[in-house]
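Each of the next two complexes has chain A plus one more chain, namely chain B in the first and chain C in the second.
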Partner chain A sequence: MKINSNLAVSDSGFIFNPSNGDSFSTNAVGADIIRLMKEGKKLTEIKKEMSAKYDVEPGAFEKDYEDFISQLQDHFLVSHV
Partner chain B sequence: MSSSIKRKLTVAVTGLNAVDSPGPGVAVIRGIRDCEDFDVRIIGLSYESLEPGIYMEGIADKVYQIPYPAAGTDTLMSRLEYIHSVEKIDVIIPNFDAELHNFIKISKQLKEIGIATFLPSNEQFEARDKVNLFKFGEKHGFLIPRDKTIYDVSELAGVAKEFEYPIVVKGKYYEATVAYTLEQAQKAYHKLNAKWGLPIIVQEFISGTEVNIAALGDGEGNTISAVPMRKLFITDKGKAWAGITLEEQSLIDLASKFISATKWRGGFEIEIMRTNDGKPYIMEVNPRFPAWIYLTVGAGQNQPASLVKLALGEKVEPYTSYAVGKLFIRYAWDLITDVSEFQKISAFGEL
Partner chain C sequence: MKTEKLKYERPAIRKMNTGLMNKFGTRTEYAPFTHIDGVSVKELINKYGSPCFVISERTIRKTYQNAVRAFKTRYPKVQFAWSYKTNYIDAVCNVFHQEGSWAEVVSIFEYTKAIENGVPGNKIIFNGPEKTKADLKVALENNSYIHVDHFDELYDLIELTQELKKTAKVAIRVNMDTGVYPMWDRFGFNYESGQAWNAINKIMASEYLEMVGLHCHIGTFMLDPNAYAVAASKLSDLAVNIKYVFNKTIQYLDLGGGFPSANTLRGAYLPGPDMIPSIDEFAEVITNTILNYGYKKEDLPLLILETGRAMIDDAGYLLGSVIANKRLSDGRRATIMDFGVNILFTAFWYEHKITPAQEFSSHTEDMVIYGPLCMNIDVVRSSVTLPALNRGDHVVVHKVGAYNMTQWMQFIAMRPKVTLIDTNGNSHIIRENETVKTITEPERMPDHLKTFNL
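And then the complex of A and B:
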């Protein structure tokens, strides 16, 4: 899964998709995940960094991550590679 | 110390009706005034006495009323000759679909008396007409929704059966209604017929996200500018009240393909419905700048000023970039003026 490269994400979690003008807001966790995805990090690296930063069980993180990715998919913010 | 020379110009512009279904005139004027290459005098050309652009500060230096398109080209030409005798107009920019046919027709006469225009040819104008758009798409490889031109309300049922509901019922020049039943379609037919006359165009409904492109062609197949925008707030008349510039190369390519196929001369707007699987259907091509044209100026591509330069025969280099994520937000403003102003434009046709 690859995040759209031209997606603009502010520190406050405001997301702007310049391809279609859609905008969204996410929380700090979501903004961090998008930032790491934009850096081209893989799931294992994202999991590692997020676990270090936030107090979260790996299993719980993976479930939340999958849920977040499916929301990104619903809004055309990610594409299959 | 710095010095500069600005070209003195007089530009006449129509479409001063900055109302809820606005004409582009005020936005076009703002663009031209923003251009630092000109020292410009703006002549507003109005049809009605309550067009807000007549009275707005810093828009038109002088306003003249002109005859309605139905009065014909001779009447229009004679009025413009009078205005030209007073104002020495360099360029005229007409901005209404309904008046363009007349202006295209008299463009040679205008040139002979020293007034430049930068308009599409009659063939270009007709090719993108709603009535001919589907054929145009077939010829040049553009996706266009199927449509039927009808002259009698009894034809509606048959067309609806072919396209399946919902269908889009469109007026000859402006306005469209999405109809989900035959009754709704008939109501829309009668309303549009009363307002704009026949024919009525019935179009297949395409579901998706509406995106618009404002563009400028140099008449030789080159794209001088193309800026895509998505409406963020739409009025009940379907007009953009807020919008944002997009970054989407496929949309710019589509505008360039249109310009290259038609050798379009002048400004225009393409209305696109992009389906969820990304197919861009051209819904309409408006043969003039849209009312939101000032967004292109804000985004770094001054299309109105470029059109003035092209009209004057200057070489204009194509723009290569614009700011993505630039918004326009339209607003309503109560302008206070005196009845004496209203009286001048109403009684004498000048202000």
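And then the complex of A and C:
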């Protein structure tokens, strides 16, 4: 799963997709995940970084991560590689 | 040195749309609701479990005193009677009785509760369509006010008083057209058709019935105060005619209840608090109508009010927790709570305000709130905008004091504790949670069904 590389993401969680003009807002955790995905990180690395930064168990995070990815898919922000 | 981790919130994303502006905005909550009357929601859940109901005694007293002020500053003789069916947990009833409320009951079950709470029989108003002869006998012996609902009851009462040679204090419930739809004509005797006047004639001709009052209850969650002006005027017309024809002074007019609370009705365009008239507006039209009707000063009737919902809804909270989050097939977020329509019966007609009980970010999601029941009807809010809620997070449902603790169902799950925060900020259990034994104790097992082999 790869996040579209041309997405513009601001620190406050504003996302702009230049390919179709759609814009989105996400919360801090969502913005961090997108940033890490843009850096090319995989789930295991993202999980490690996020559970170090936030007060969350890795298992609970993974469940929310999967749900978040499905939301990104619904909005055509990720693609299978 | 250990660094503190940041508070986690479930990741969420929302597409931003232009051209779909809502002038009322979409956010529903701006701040967490962490304390009720100074007591921490988290502590209450730790102590009493989740879900649990919390009643604020301070809010009940404040709301009641405000309503009494609204009427007593406009009219010389006012009496409130607590509507037991709205919330008949004994501790709640006793707060109203301490404030001076009589009891208004609609079944022998509620009547017995009022007597056991210590309400004198002559301060109980017995309403409702079901009063057996045995029930009527109890009310008669206790000298209670009997509000007759139909002719069958009236004839039962005539027979009974003749047998016992004891006088009953009676009023009739009158239904009428007040310009409000739907018209409640299933209770009492109709005004426009002359049925009410026929009942009055029958009572006045009965040796052991004393016609002391006239009662109406024109509807529920009434949003038009003027309907009460029509009701007060029609009851006054009957009272004045009784005086003229029979030279009998009617002691009281009971305008019933039906005043709304600040909840938002399902499908309403505006939120409840922006829509409902204040209690002063109802008081103004009712008292003005009676005072201007032309009663002689000595004949001015006592004004009785049986308002329930408007007195108790604001004082009730339901605390609950998130069981799970899921996504529906159409992409909508669904949040499953540990409380459902079994204990929050009013979710069928209100869009209840639900507030997270812990800090949250500014990011929100549209979601459906489901209860825990394995039943499709268990929907608490079909669409609400709330912050991303994590599993185990607590929420507070507001304005749940009316009807939920009487109409709740023992269905699939057991009913939780009801607690009360007193005016000093101390919390008390006023109704224990149910256990399996509560449910199975009244059951009986025939001998041939006691065993089985699987």
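List of remarks:
Quick note on the criterion: the second predicted complex is superposed on the first by the 81 of 81 C-alpha atoms of A that agree within 3 Å, B and C clash if a C-alpha of one lies under 4 Å from a C-alpha of the other, contacts with A are read in each partner's own complex, and residues count from 1 in each chain.
One rule holds in what follows: contacts are C-beta pairs under 8 Å (C-beta built on N, C-alpha and C of every residue); 3 or more make two chains touch, one makes a residue touch a chain.
Keep in mind that this is a model prediction, so the values were computed, not measured.
Applying the stated contact rule after C-alpha superposition, one finds that A:Ala8 touches chain B and leaves chain C untouched.
Of the two partner chains placed by superposition, only chain B is touched by A:Ser19; chain C is not. Contacts of A:Lys53 after superposition: chain C is touched, whereas chain B is not reached. Once the two complexes are overlaid on the shared chain, A:Phe68 sits against chain C while remaining clear of chain B.
Judged by the number of chain A residues each one touches, C leads among chain B and chain C.
Within the complex formed with chain A, the chain B residues making contact are 209, 211, 229-230, 232, 243-244, 246-248, 274, 324-325.
By the touch rule above, chain C contacts chain A in their complex via residues 5-16, 325, 327, 331, 361, 363, 388, 390-391.
Residues 13, 15, 22-30, 33, 52-56, 60-61, 64-65, 67-68, 70-72, 74-75 of chain A touch chain C in their complex.
Within the complex formed with chain B, the residues of chain A that make contact are 6, 8, 16, 18-21.
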